[in-house]
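Below you'll find the structures, each written out as structure tokens.
You will see two complexes here that share subunit A, one where it goes with subunit B and one where it goes with subunit C.
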Partner chain A sequence: MADTSMLVRHPLETRRTLLAELSAELDGVALELEAPLAAVDLRLDPAGPGPAAVAEVAGGPLPPQPDTWTGLAAGQALRLGPDEWLLTSAAARPEDWEFGLDEAAAPFGGAAVDVSAQRTTVRVRGASARPLLASGCAIDLRPASFPRGRCAQTLLGQAGVLLVALADDDLQLFVRPSFAGYVVDWLVDAAQEFRRPS
Partner chain B sequence: MSRIEGYGRIDRSRHVTVTVDGAAYTGHPGDSLASVLLAHDARPANTGVKLGRPRGIGASWTEDPTGLVQVEEPFPEPMLLATTVEATDGLVARGVNGQGRLSEVPDLARYDRLHTHCDVLVIGAGPAGLVAARTAARRGDDVVLVDDRPTAGGTLTGTETIDGRPSLDVVDEIVAELTTSPNVTHLQRTTAFGHYDDGFVLALERRTSHTDDGGLARRSRQRVHRIRAARIVVAAGAIERPIVLEDNDRPGIMLAASARDFLHRYGVLAGREVVVFTSDDAAYAAAVDLHDAGASVQVLDARATAPTLWSRRCADRGIAVTANTHVHGTRGEDRITAALVGPERREVACDLLLTSGGWNPTAHLFSHVGGRLAYDPSLGAFRPAAPRPGVEVIGAADGTFGLADILRQAGGVGAPPANEEPRDPTAVLWRTDGDPTRQFVDIQRDATVADIARAVGAGMTSVEHVKRYTTIGTAHDQGKTSGVIASGITAELLGRPVEDLGTTTFRPPYTPVAFAALAGRERGDLFDPVRTTPIHDRHVAAGAEFEDVGQWKRARHYPHPGENMTDAVLRECAAVRTSVGIMDASTLGKIDVRGPDAAVLLDRLYTNMMSSLKVGRVRYGVMCGNDGMVFDDGTVLRLADDRFLVTTTTGNAAAVLDWMEEWLQTEWPELRVRLTSVTEQWSIFAVAGPRSRDVVGAVFADLDVSNEAFGFMTWHDTALDGVPVRLARISFSGELAFEVSVSAWYAPAVWARLLEAGRDHGITPYGTETMHVLRAEKGYPIIGQDTDGTVSPHDLGMAWAVSKKKPDFVGRRSFGRPQNQDPLRKQLVSLLPTDAATKLPEGSQIVRFADDGRLPAPPVPMLGHVTSSYHSAALDRPFALALVKGGRERIGEVVGVPVAGELVPALIGETVLVDPEGARRDG
Partner chain C sequence: MQLIACPWCGPREEIEFSYGGQAAVAYPADPASLSDEQWARFVFFRDNPKGPFAERWVHSAGCRRWFGAVRDTRTYEFLSVGPLSATTARTSVLPEATP
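This part shows the complex of A and B:
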């Protein structure tokens, strides 16, 4: 009988083992699923006192430049556009995360909407992480152009992703759960190039 | 054997065996298929496409117009040049008679692409490109260097001296330096084939064609590099130009530099009795080198006097040089046996005729981005006329031919020096006198001087027209040797200067590219993304058949063993109408609309009034485009005074959000509204049927689901084990129904609980096909199926959803057009085939019924067409929805629908066929 317990599972849970086994056979690439996070989509006027007010609740300053991210107390603040951020938390419950941030943003004409289940995360690590992603992503991924602290909404293969640079050899991919199966299939296919010679 | 000891860069210590036209030939690693054949004095069994004349190998690289082969092993590929196929053990090929053959077996190789960004892209690893790449690398730039041949060095043969050393030693030294530079990517076997705006170049890398590929089977066979460069250096060299003469298509006729290339690269002497016919100095180097390798050589120079220095070098070797002499034709059957020399057409025995009419700069990649080429009379060739930002053309590609000049141009003062060689000017000679019907311009296309004359005679004066009329320049080689000559001969025939005519436009790709390479990974399962819902696995486990809705896989129906789709759908429909069914509606688009002006925005975008909706209630809404035609529909939930949740159709989720953002950002920026897509945040399950209240009530025990407490088109929030859940009384079937929304994190558990709670009622998962039938029985249209962008809300019988109170909304003005008032507009109606048995095919035309049941002779006026058609479990008969001209006025009328040659009578009716009173929706 199907499991009826209200546990949060990664949408790609059934592929976790496959990714671990594959990563063990790869040279310089490790693919891993990340635990689900609470997340809100914050729309807010970047000028004025709004961002500072939200920062207090969020647990860290909001990144001042689009396509960059900053660390929060238990998550990240990723600036998606001039007036849009994704704020994540590994500690908060989604409904609390939304409520608190929305309350902080509303007086400044902003809004925070719970999108915790709207994206899922895959971690790509290793010296070959960027070459792997460069086989399906058109943006300039050279470490000098896309260093730690940068993020970008772009395409991997044909799926929209939010790509986040944690380090030269450590990147995060936020992807819509409906596209996650495609993205992982794509990564597994592209990763064949990086298999250790048998 | 024509393999010459002491020449070539092949690995003579190892052997490879290739099979061509059934015969086995031995070669060495480093050989091309063409060099293996020439080493054995053989050629592929090729014949011309139209005239069937034998054809050989006419050049040593991609410019060869004739040496095409069909490769059979290791993988079937049509029409590759033997000169570009690397000889590997076990290769099987055959000659091509006219056209090749596509593979009949699947291509299991991998193909991929790689995006690369760099400061400088250098195209060509000849002396110019190598020095330019090294200069940029030393400066600290990120450099990508691509070259199409297997090894670097371009046309350097090793006989030249650079910096006081053998040229190839210098090449090796530069390559070694580039290899150890971390900021340089150096790719051989990589052809830059297209150059586009903003420094974007596509290059094809052949990664496995030269290997037996034991341990690297997972490596992609070919890779398309998508390179974005701040600066591009085109150092692609030049292509030698033949001289057109009578019967110039015979095997054994070749470009002079190609024969030299075969000698120095592969150690192959392409002929023993050689006639060199030239109007340019470079062919003398071939004459001298072939002589030194053991051939008997004589030179015929079309120019009035032969160049002094080269004449002396020839005299030293006993090579006869005759100036002011033309070759007018050839003799031979399977191979050339003689050149016909001078006006008297004296037969000079030979087995190899080399021609050289000068050099055409390979400026294709400059031309691709609109770089203009101009005729340079001193070269007799077209070369880049004016610079383009971010693009440099250097070396022979720019018309610079002396090695010393090339190195200086590429490397400036720091460039390695080379000896200055005097060069006599090239004489422009497109062709010699002879029979124009046998003077081949494009040898692959069997197109002759006579064909150009015919084009000119037909009145064509543009080289673009002549190209299309004659097909010159349209073969695999894209006119690398024939294009400029065609311009020259056309100019001659028109009596105009060639600079006035110009050349035909160069377009990508520079060399042929396999579709498989362009497709990359986007084939098979990765051809297009497949989107799945959070409970996709449950649908699979339940045996669902899926249908594609946009990129989504949606469960279409869940056949039991032995059921076909009709059976399954009838069973699922009956379950919803009599007990309870459940459907995954998670693919619906969902948009969170926030802000003090949220209601204002929705009032302007929906045809109906949304600002009057009370918190806690739900309203169906229709959206039109500017043209007043239905664009999308869905439900609107008012969550708070300043917050709505709107749903869209599955396929339009992104389009509706874009539409809303566009209006908000460009037309009404003063509105204080924020839009957020929450399509994948919320999973939605529709629980529908008379027992749905029991099921929902059992799962959400703390919620009063009675009709009094939870009315139709209202919503309530509750929780399940602390997880927020929203329920709404929304029905797309006419039955009592609830939509259960929960964070997608918990979708599998909630789906399982609903199924478990419904087990005693026989809860039946139903798919989109069943949903379509149930909604059609109620006359609910599907946007995109019953509409096609020309249907207004009024046409759908939805005037009730068009507000008369609102001052304006998108589409409103179009409703006032005379066209929209036309009583003969197509309107949505139902159709009942009177035989109660025929399921009318969707898309069928509707015509006036004829008593004899036959379609009258044309023209037959069309009344409309069938948009949806199903079997109905509730009605126990087939039924359809249709758009019919003046349909509502025709209710009660019998029309005809042609099906398989018969005219099936069908009765036009109201759209709502099941429960028109709406008695069932409250249970």
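This part shows the complex of A and C:
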């Protein structure tokens, strides 16, 4: 029987203290690693009754607009494409999360696949979080055009990321684990100009 | 950098997109009956107009969706974007059959 006692660790666990130390020296920026989430990629016809049925299982409505997210009971529903959503949960086990959503989506021709290991999350907080990200990201990150509730798949530096606006001074970054080292290196480098004057 | 208006995500930088070649190239009705030359013409030969050109693009760094676009090859200006099914009538690149 498989050993289920192993804990899922953040791929950048070894840099957690380094990021905390750096954040203490920065003015208006804090970089943090987030706890691993259960994540499911949902493909479903957006026009039919499917999204409403899945929403009941997910614990919150699926976002109807492109590039937006809505809150679920213990996670988020992020719209990735016309017929694609990313549903995360901080509470459920990945296999349960996938199973429940897939059962709800299947009658409507949809499918839910566990992609918990596909992305890892980094949190960028603080008043200077947006200027920091804007130095490597082409989309308009000013709060007026990227307010809370928006998300966007785009490039940060050279890496593809999913940017999520949680608040004006709080952004979440989904990135593939193999690119996470590069993205955090990039963030640490870009954050140097926000160092507190000593 | 040039912005391309993805039908789903809105205007994004060109670097996020990949080019998919000429749009609406009709698949041969009876592939088995084609000569090698006709098959090569279907696989490799594409229009190269000077002016508006119907093309396929994919937003590979964003929503990963394919869409059709009409681009002016002289100015690189995107004249329109839309779903692939809407890009002009399907055109055949096959030569007219010779009796």
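Just so we're on the same page, the second predicted complex is superposed on the first by the 193 of 198 C-alpha atoms of A that agree within 3 Å, B and C clash if a C-alpha of one lies under 4 Å from a C-alpha of the other, contacts with A are read in each partner's own complex, and residues count from 1 in each chain.
Here is the rule we go by: a contact is a pair of C-beta atoms (placed from the backbone, for glycine too) under 8 Å apart; a residue touches a chain by one contact, two chains touch by 3 or more.
For clarity, every value in this text was computed on a predicted model and none was experimentally measured.
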item: First, second, both or neither for A:A74, with subunit B first and subunit C second; value: neither
item: First, second, both or neither for A:F179, with subunit B first and subunit C second; value: first
item: Most subunit A residues touched (candidates subunit B, subunit C); value: B
item: Which superposed partner A:D41 touches (first subunit B, second subunit C, both, neither); value: first
item: Which superposed partner A:R142 touches (first subunit B, second subunit C, both, neither); value: first
item: Which of subunit B and subunit C A:A90 touches, first, second, both or neither; value: neither
item: Touched partner set for A:V115, first subunit B, second subunit C, both or neither; value: first
item: Partner chain(s) touched by A:V188 [first = subunit B, second = subunit C, both, neither]; value: neither
item: Contact residues common to both interfaces of subunit A (with subunit B and with subunit C); value: 138-139
item: Interface residues, subunit A side, partner subunit C - complex; value: 66-67, 80-82, 84, 138-139, 152-155, 160
item: Footprint of subunit A on subunit C - complex, ascending; value: 1, 8-10, 12-13, 15-16, 61-65
item: Of subunit B, residues touching subunit A in the complex; value: 110, 112-117, 142, 215-216, 218-220, 226, 228, 521-522, 525-526, 528-534, 536-538, 552, 587, 592, 594-595, 672, 674-682, 720-724, 743-746, 748-749, 751-753, 755-756
item: Residue numbers on subunit A that touch subunit B, as the complex places them; value: 1-9, 11, 14, 36, 41, 43, 94-95, 109-111, 113-119, 131, 134-142, 145, 157-159, 176-179, 181-182, 185-186, 189-190, 192-193, 195, 197-198
